[in-house]
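Okay, handing you the structure first.
Chain nomenclature is as follows: A, B, C, D, E and F, assigned in order of appearance, with residue numbering initiated at 1 for each chain independently.
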Amino acid sequence: MEQQTDLIAEAITLTLFGMGFVFLFLTLLVFVTKLMSVVIQKMNKQSSPKDDVHHSDNLSLKDEMDEEAKFVIEQAIKMHRGA
Amino acid sequence: MEQQTDLIAEAITLTLFGMGFVFLFLTLLVFVTKLMSVVIQKMNKQSSPKDDVHHSDNLSLKDEMDEEAKFVIEQAIKMHRGA
Amino acid sequence: MEQQTDLIAEAITLTLFGMGFVFLFLTLLVFVTKLMSVVIQKMNKQSSPKDDVHHSDNLSLKDEMDEEAKFVIEQAIKMHRGA
Amino acid sequence: MDQLNLLWSNTGLNQMVPGQGLMLLVGMLLLYLAIVKKFEPLLLLPIGFGAILANIPGAGIAEGSGILHVFYVVGIESGAFPLIIFMGVGALTDFGPLLANPKTLLLGAAAQFGIFATLLGAIGLTALGIFDFSLKDAAAIGIIGGADGPTSIYVASKLAPDLLGAIAVASYSYMALVPLIQPPIMRALTTEKERLIEMVQLREVSQTEKIIFPIMLLMLVALLLPDAAPLLGMFAFGNLMKESGVVDRLSDTVQNSLINTVTIFLGLAVGSKLMADSFLQSETLGILVLGMIAFAIGTACGVIMAKTMNLFSKNKINPLIGSAGVSAVPMAARVSNKVGLESNPHNFLLMHAMGPNVAGVIGSAIAAGIMIQFLG
Amino acid sequence: MDQLNLLWSNTGLNQMVPGQGLMLLVGMLLLYLAIVKKFEPLLLLPIGFGAILANIPGAGIAEGSGILHVFYVVGIESGAFPLIIFMGVGALTDFGPLLANPKTLLLGAAAQFGIFATLLGAIGLTALGIFDFSLKDAAAIGIIGGADGPTSIYVASKLAPDLLGAIAVASYSYMALVPLIQPPIMRALTTEKERLIEMVQLREVSQTEKIIFPIMLLMLVALLLPDAAPLLGMFAFGNLMKESGVVDRLSDTVQNSLINTVTIFLGLAVGSKLMADSFLQSETLGILVLGMIAFAIGTACGVIMAKTMNLFSKNKINPLIGSAGVSAVPMAARVSNKVGLESNPHNFLLMHAMGPNVAGVIGSAIAAGIMIQFLG
Amino acid sequence: MDQLNLLWSNTGLNQMVPGQGLMLLVGMLLLYLAIVKKFEPLLLLPIGFGAILANIPGAGIAEGSGILHVFYVVGIESGAFPLIIFMGVGALTDFGPLLANPKTLLLGAAAQFGIFATLLGAIGLTALGIFDFSLKDAAAIGIIGGADGPTSIYVASKLAPDLLGAIAVASYSYMALVPLIQPPIMRALTTEKERLIEMVQLREVSQTEKIIFPIMLLMLVALLLPDAAPLLGMFAFGNLMKESGVVDRLSDTVQNSLINTVTIFLGLAVGSKLMADSFLQSETLGILVLGMIAFAIGTACGVIMAKTMNLFSKNKINPLIGSAGVSAVPMAARVSNKVGLESNPHNFLLMHAMGPNVAGVIGSAIAAGIMIQFLG
């Protein structure tokens, strides 16, 4: 009988500590994750102006290429119709 | 002190034999490889006349097929324009 | 000598029992397999009316698509010849 | 004649004990569930087949130098198979939704109460004299409520290897039954108004965050609960391989041929623990019942936690995503979505539910680490 | 100077015994057969290369902690490699033609007489004092006649590990030689009229039948011959994964990366048994001769069985498909087809021959089980 | 309260020794190099992660029955992983450029002097009392100069398992640093005129030559240096599978899922040797410094050898391809090409540099064989 009471006591202790720890851990993880996200987003914002320039460069290059492609296709269609 | 002299002597011996062997082995490999290549290229040349015929056969077959494909495509283009 | 006679006797016994068992097993497998196929085919037939409807739907859809494909191909041939 | 006697005496027919016959039927039942009912077939088909092989009378495939026993010793006793599967699961996991809404981690925490409630239940039944579970047994059974196959197998192999077969079967079976077990509980614990809650769209998460998260998770584990480090370490490793983008060829192999190969042998090895004499015990029935309860309680706690969080926060959570905290990825998240659509056909909860869903994986691995630390 | 002596004394040139030189040539012969003659290259290339590695004087790759010996102990002594290959073969097998015409199973039974005739032959040669084979040796040699590589290796590893190298080489070599060995025997035993027999087209087999068959096969094995259960169990498992259609990702991995990986290491490990001192024995010559005879007798018995069945049945079988009963999948079936086309260029026997062909796999696994039960 | 104490006493925070904290940072540094700097990520990411796992206080993942220790014993102590990787590297290697210009083998020979110079350096530092390396240690450290990861790991596992972690990290790190280490040395040792040398185009090599070469290479190894046979044997085997063209499905598996799988576990297992107490020794610093010197000397010797060969030959070699003789395939060849393009933007040296590049692999394996023969 006493042994079983012990067993139950142990199980209850394990449950309390266990659930407590699960919540402790995941709550901590919430905070750490939020912190990380904030830090990274700030860092990204700081470096983004540069990136944006870079990006827009790329884009304009890409735009040019698209322009070229468009021109080629239009010429082809004209040839096709007109000729 | 003596032990260390021994160690150094051993290291030097190992280096001499080691580099010597590496060169010996790879030099031998150069010659054996060259020999192999010469032998195989000679054997290929002997058997190549046959191969060539075979090849040209294949090629002419392929050419015929290409001719056919060309004809079909030309006809299709004509149809497309003319019709 | 006797030992060898024993060995031969054992080998013959093993062969007889072995081939016997192989035939027994595979013959049994023939019957069990046939039985299974008959049972499953009967069960499928019972449930097939539903399936058939489903099937014929599919088929008719497929037929329509085939009809369409046929039509397209015929037109292409006509164009090819007529034009 | 002697030969004929020998042949007969060695047939399975002659050597079969009733338990083995029954277990052959159990094996076929598992195959039926896997093939016809499509219950977690990737695991239950190999487990079912392994169960059949293990119970062939006189073949000894699951004992001594039998091949299934070899697979068991090499892959499960060493911990390798469940850990490799966990690496694969990591490589298949997207923490994006979790990172976009980190507080859903708490739903994954709450749902773990199913694990501990079941532990208490198992000990209670022992106290009542109905079963005879040790604390280790009870802990291993509780992990079924984590709804995570490899975690269950890993913990059972450490704490209660004799019960591993039953625990694994219960774990995968109930994961397959999630669409049946969860909806009634979810509906009972929520009002129509709560089920209609629409959640704000998740922000896009940068690759940097996704790369840092698994490392950060592992560091936290390393500092606080080293016994969870093998499981969560391999999980984080798989995830990092995927998110880093620099080892795509490794990540592809992990997600395909490696996880598939290990799944096959894990399944067969688990099946080898379904031998008649160890499986056909009253304990097995207890495990099946307790496992079901664990799922139900975990589901309920996830939903209740979501409702509790809504009391303290302006950004309301739809409590239907709470049930996804039991993990059972991605089934439980789909169930949240489906039940949500019943109330509002334009309210897609799937992505929102993926947060607690992967949080549940982390949560049960933490719970597993605690069990191993206290009892292992 | 000492160093130079040591270097020289450790060269292969200095340590080589004549047998090793010969075995290096044998290894290169196997590579030649694999690469130039395309004889079963998937196995003979790794075996040939393994043979070369095993006979490098002084390297000890196939002994002690040498890597090939490690592969051998881990993969073949444990039985794992042949069983995994068998699982892969199962996943690559289509039982459709067999299920459409189950009586062709009997052709697969008859062709196994090659196995037992060879066993008798080996014992006869021992009685005559020409060789010195034990009954176990003779049984392992006989299985060559089963024309099934993994079965041969599995049985040899259980009954006669010393002969494993020679048996495996004979097995795969003769499987590659099937197009040369079989046709003359087939032509000699059939009339032109018989070779012209056209068989009724096979019915389509439902997926349900294909799913039930491997389970049924395993149950029959479980009840009657448990010693064949590892081989046929893994075979049935592979087939069930494929036919069930619910675990395609596992089945794909089994059919590709898993079977390929195991094939490589199996081949190398088998090659490691071609060390000079154990391979260069008069026994090896006996094994090669007996193996060839086994193939010939198996072929003949398959054909004769088909002719016998025609005496009792209206639905005539073309006896050319009887030879496919030796297995050697799918080579023997192709040979049946080819010889049939010689007589009638419109009579395609390929699908009809696939029935006895896969039946032959089952038949030799049963024969293997009997050998293991009586002698293992 | 006892429970709380236990929980606290078992946390990583409580158990951590300063060395472990430092090693966690080292692990993260390796991850940073792999992910952000893209330094050999296929190896450094798993190694870095393994280092973190190995240094989690109290988890014991790299000791006893911990999973990383299991991977180490099974895969590295047995020699299996490096040898399988070498087979994969063989299957990925094209000997064409080498066969078209065999004398570039000599560049691969010369570059191995880095290995022996480092060995002398290590022994010298020991003689000066700065470090305490045995001859075995020195040999294993020297092999870093071979610029070949699996060879380094293989030799270290045989001669100096305690230093394996540091040696592997140095080896892969410096291979990643080849584009930084080599160009200054190459420019310093060549004149502009030499860098402008254009080489004659390589002839096409027939498939027959490519098939014969690996067999011939292995035979030469077998006759002259059996201790190099495991490494070069597996290398030749992989190459033969690829070039023979008859086992494409095996070759594909080797080049993809097999090499990827082994890379993951090799990396983790190597990482497990980065435990604080064995890694944080002054020896590690010595290894890092000596490894760097080995690379530099190897590079220099390759270039000087090319210049020397030009003294005796009409067919001039561009000495920039000499540096590729250290191996570090294909990075070193790309560096030769890049430095060449700086002088003449139309002079593509890439294919010419592939010859000494793969020759360097052979050369270091030979050097490894000698070390093992004399000291193993």
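Keep in mind that, in the parts below, contacts are C-beta pairs under 8 Å (C-beta built on N, C-alpha and C of every residue); 3 or more make two chains touch, one makes a residue touch a chain.
Note that the structure is predicted; figures quoted are calculated from it, not measured.
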item: Relative orientation of copies chain A and chain C, as a Cα rotation angle in degrees, nearest 5; value: 105
item: Chain whose Cα centroid lies at the greatest distance from that of chain C; value: F
item: Of A-F and B-F, pair with higher C-beta contact tally; value: B-F
item: Equivalent of B-F within the choices A-D, C-D or A-F, defined by over half of its residue contact pairs recurring; value: A-D
item: Cα-centroid distance, chain B relative to chain E, in whole angstrom; value: 36
item: Interchain centroid distance [CA atoms averaged], chain A/chain D, Å; value: 26
item: Euclidean distance of C-alpha centroids - chain C vs chain E, Å; value: 25
item: Chain centre separation in whole Å, for chain F relative to chain E (CA means); value: 41
item: Two or more partner chains touched - positions in chain B; value: 14, 17, 21
item: Numbers and ranges of chain E residues touching at least 2 other chains; value: 3, 7, 224-225, 256-257, 374
item: In the complex with chain E, residue positions of chain C that touch it; value: 4, 7-8, 10-12, 14-15, 17-19, 21-23, 25-30, 32-34, 36-37, 40-41, 44
item: Interfacial residue positions of chain D with respect to chain F in the complex; value: 78-80, 83, 211, 215, 218-219, 221-227, 229-230, 233-234, 237, 240-241, 244, 246-247, 249-250, 252-254, 256-258, 373-374
item: Residue ranges of chain D touching chain E (in the complex, touch as defined); value: 3, 6-7, 10-13, 15-16, 24, 28, 31, 34-35, 38, 41-42, 45-46, 49, 52-53, 56-59, 61, 65-67, 70, 256-257, 260-261, 263-264, 268
item: Chain E residues within the chain B interface of the complex; value: 3-4, 7
item: Residues of chain B defined as touching chain E within the complex; value: 13-14, 17, 21
